[in-house]
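All chains are identified by letter, namely A, B, C, D and E, in their written order; residue positions are counted from 1 within each chain.
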């Protein structure tokens, strides 16, 4: 384990994988959050009946293994529709919707947690629905939802390990490639695990801290 | 335009290659793709006058990668089974393997028949895996485990998670020789019929399939086939790609 | 409209095999949940024990489980332990991986739930002459399980979804493994995985629905 | 002037207001008392159009609140309301709480809004707390901030819904003092309250609600001194 | 008899009880009043051993509460205590709340425990609510249930810690009535309360706590009629 044949090039190779993990995560979380906010507000505002189709579709993304979502999307886009789309694009698209599905729940919960009297106070001051949303509800919902949202973003980063099925070489896949060549599974896996941990742990802690701080006032 | 036109006009040929299958496909010390299949893809691209792009896939994913439009052609040591031919179009064989049993010394396996009752494994979705799983079922004893990649199979084998695997002679020798896996032995040939492997592309791309057939023919005629064999596999004669007694 | 001809028939013929796989998937998920809850209770106890080493070990478990990919954990359970000469079947490796993950998430949850129960509840129990253990068992624990019930349901759904990662350690009898094996032979990728998706969806719905019924029976307050 | 006529309102099956009639003249202070669930809060939220009504009419300065053509946001500018709880916008400082609506709704400049806000906050005794967040304020201070916030819109009417009932007994006094001050300044007010002493002292008229009906309405001496209905007698006895 | 002698108690740096002496005879009702943080609740939790003390001694029927050899669980069976809030076990019905301790601690049979429980619940006026969950009860009913639960252990002493202060004004009366009833039945009680009227009416003696010291103790007429210390005068003035 200590006399490894892991070279500097290999580390760069791993770093590229890590970069891919972060890139895919960043894109998915960015798009997924925007969509999630839209879906979340829609679900809250439209009521259960009108929102039912959206609710159903979003629920699918939370009820089917991500691995299958990726395989199916890949097969559908490429095999059935015969569109030429890179694995990277497919991965980002699926992960974005996957993120959006969870994010919508978080947003809806956040909005619901804003006390109705606070909203009434805003409306009573003559603010319009939109002003109430932008100045009162979303800022407050953000505070309530941010810890869960951080959890979601980290979850997406960890789940992005599955995009190897659409031929995207992210961190875990890069690690497996190096294992193939160097045959030092334990050492390489520990490096890989440590990387995820080093990114995830402080951010998760920060989320916990925010949650504690904001629930106190 | 059909795919042949598309590839030529796009300027890139995207090949599905499996890179944990030395010496056919692997990564060199710079983690760049290398191996018989990689060179073969490069040759095909050169013949078409385009650039080659290697898209790494696992064994189970190589056909889905083609079907979902991620690649134009598979150069991935793909056995030309009739089942697969229902989905993709196969060229004439461009290589032929013989398979050998690779065992962990401790298992005491000396011939392929000793595998009976043991825990064996192979790469999910490969010709060997399908044969071996069939054998385990036929024996009615022992366990078969499919792994996602050849690397995981050898990892499992060297850790002792499985007792033996079936791999092409080339892969078996290359892995044993690499010294990465102490304690592995070649336990002789299997009674499998030689494993002819083809290039594949979409089933309805006759133009392209025709082109590939002629290309394979040219590789043999020009001696490039033998040259690649010596470069990657070693001394000796490359397998005969014709089968006595039938047309193809 | 599509250039693709669906072969649903061929795929549907494999339904019995896939349903057998679904059964294995549910078995693993259930077993990993039961074990996960047991370990989570132990971990929670360890973290509150005040014994430094024990508490640090438990916290380590919880944080690793929560901060690395499940795929990584399952891979480690097979090949990581394999490096130490511990050989586990794919089934066991998968079960260990998912249990490890479940226990970590649930322990964190239990800790939060405990915090949400006012200390006066224990005090009220103790004032009635109950021992600490009695007060915990009769008063705190039931309330903790109720607060954690929804998260436990979610974790159960997660456990089902995580079984799909078993293929990386050679699992071929669960729903995803069976589907992949069938796909390797026929390559009706879309059809086969669409059916698998529908089965997974049904399983998760049955779980959430069942949990709701159970909750209505268990928690009438 | 607020004119409430035959207002009926149900939530699903439950009829919460069963035909309420009430006219509040400018400068008048009307207090509403009554048991829990008798519909007091509901009436207030109907007055500024936060809740629709089923029948009857509510007119503020002659304008029908529940007419579709009424611009409610506009109308609400002149009706301030303060609730029992969660009045503060916790993510904004005290000053921002008060300036938000003048700036966004009345489109005042920041300086202008702040000038008014500071004046109103001083008025309710919060001149020192401008850049504090509500989370750091006591409940009584939060309620006074909410009053200042409503006043900053220069409303002509103020509605108060049990503004002291979520407060610790020690803090009740400071909020009631603020209300007394407003009353003495001639603000038209409707106050729902449980504080009988306050009601007696400050109101021109006190209304007693019982199960969605305004069972009695009279000047305080009369209502408290000689309750007519058995329900009011009981209610007053219970709250001693 | 409860004998409290020179009891001192600190939380970290903060000395909360600074030498308290108090003897409560059987059948006596002692009320404790005093400002927030003066150590009233702390004293009660020390009496039944929920909190350890730093020095001094507390004896109940001659048995030292803080002696290591004392079986506290046993001792607590004869000291009932009811807190300000979160007394009810929300996951159990009213009947189960009351029978839990008799069954698990006193090892009564289910039938026996239920018989006692029903009797006590009727006693506090909850005979109709046996299979209701506490979440469905009003705050006052919850507190009365907590009292019944303590009574079901047949305690000889009852400690009450501001049992009405989390309640709506309407609900205070019903709980105080229950306490009055207990007092009239001769139960030995220590009640911490903010309700001066109640204290005056029901107590044999009233103790005034101030900053961890028992500043005054006297029969109610004397204590309320002629407060000696400036602190008590101030305190009484503030609570009018």
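In this section, a residue touches a chain if its C-beta (ideal position, glycine included) is under 8 Å from a C-beta of that chain, and two chains touch if they have at least 3 such contacts.
For each chain, UniProt lists the protein as follows: A = Amino acid ABC transporter; C = ABC transporter permease; D, E = Glutamine ABC transporter ATP-binding protein.
Computed from a prediction, not measured in an experiment: that's the story for all the values here.
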If you apply the touch rule, which chains end up adjacent to both subunit B and subunit C (ABC transporter permease)?
A
Starting from the Cα centroid of subunit C (ABC transporter permease), hunt down the chain whose centroid lies farthest away.
D
Select the chain at the greatest separation from subunit E, using centres from the mean of Cα atoms.
B
Starting from the mean Cα coordinates of subunit A (Amino acid ABC transporter) and subunit D, work out the distance between those two points in Å.
45
Geometric centre distance via CA averages, subunit B-subunit A (Amino acid ABC transporter), whole Å:
37
Averaged-CA centre spacing for the pair subunit D and subunit C (ABC transporter permease), given as whole angstrom:
52
Hey, how far is the Cα centre of subunit A (Amino acid ABC transporter) from the one of subunit C (ABC transporter permease), in Å?
20
Can you list every residue of subunit A (Amino acid ABC transporter) that touches 2 or more other chains, as numbers and ranges?
71, 75, 79, 82, 185
Touching two or more other chains in subunit D are residues none
Quick check on subunit B: which residues sit in contact with 2+ other chains?
64, 67-68, 152, 155
Let me make sure I understand the interfaces: which chain pairs count as touching?
A-B, A-C, A-D, B-C, C-E, D-E
Interface with subunit C (ABC transporter permease), subunit A (Amino acid ABC transporter) side, in the complex: residues 60, 62-69, 71-72, 75-76, 79-82, 154, 158-159, 161-162, 172, 185-186, 189, 192-193, 196-197, 200-201, 204
Subunit B residues touching subunit A (Amino acid ABC transporter) in their complex are 19-20, 26-27, 29-31, 55-58, 61, 64-65, 67-70, 149-152, 155, 158, 180-181
Any idea which subunit D residues touch subunit E in the complex?
35-36, 165, 169-170, 194, 238-240
Any idea which subunit B residues touch subunit C (ABC transporter permease) in the complex?
60, 63-64, 67-68, 83-84, 86-88, 121, 124-125, 129-130, 143-148, 152, 155-156, 159-161
Spell out the residues on subunit A (Amino acid ABC transporter) that touch subunit B in their complex, using ranges where they run on.
7, 9-10, 13, 71, 74-75, 77-79, 82-87, 90, 164-167, 169, 176-183, 185
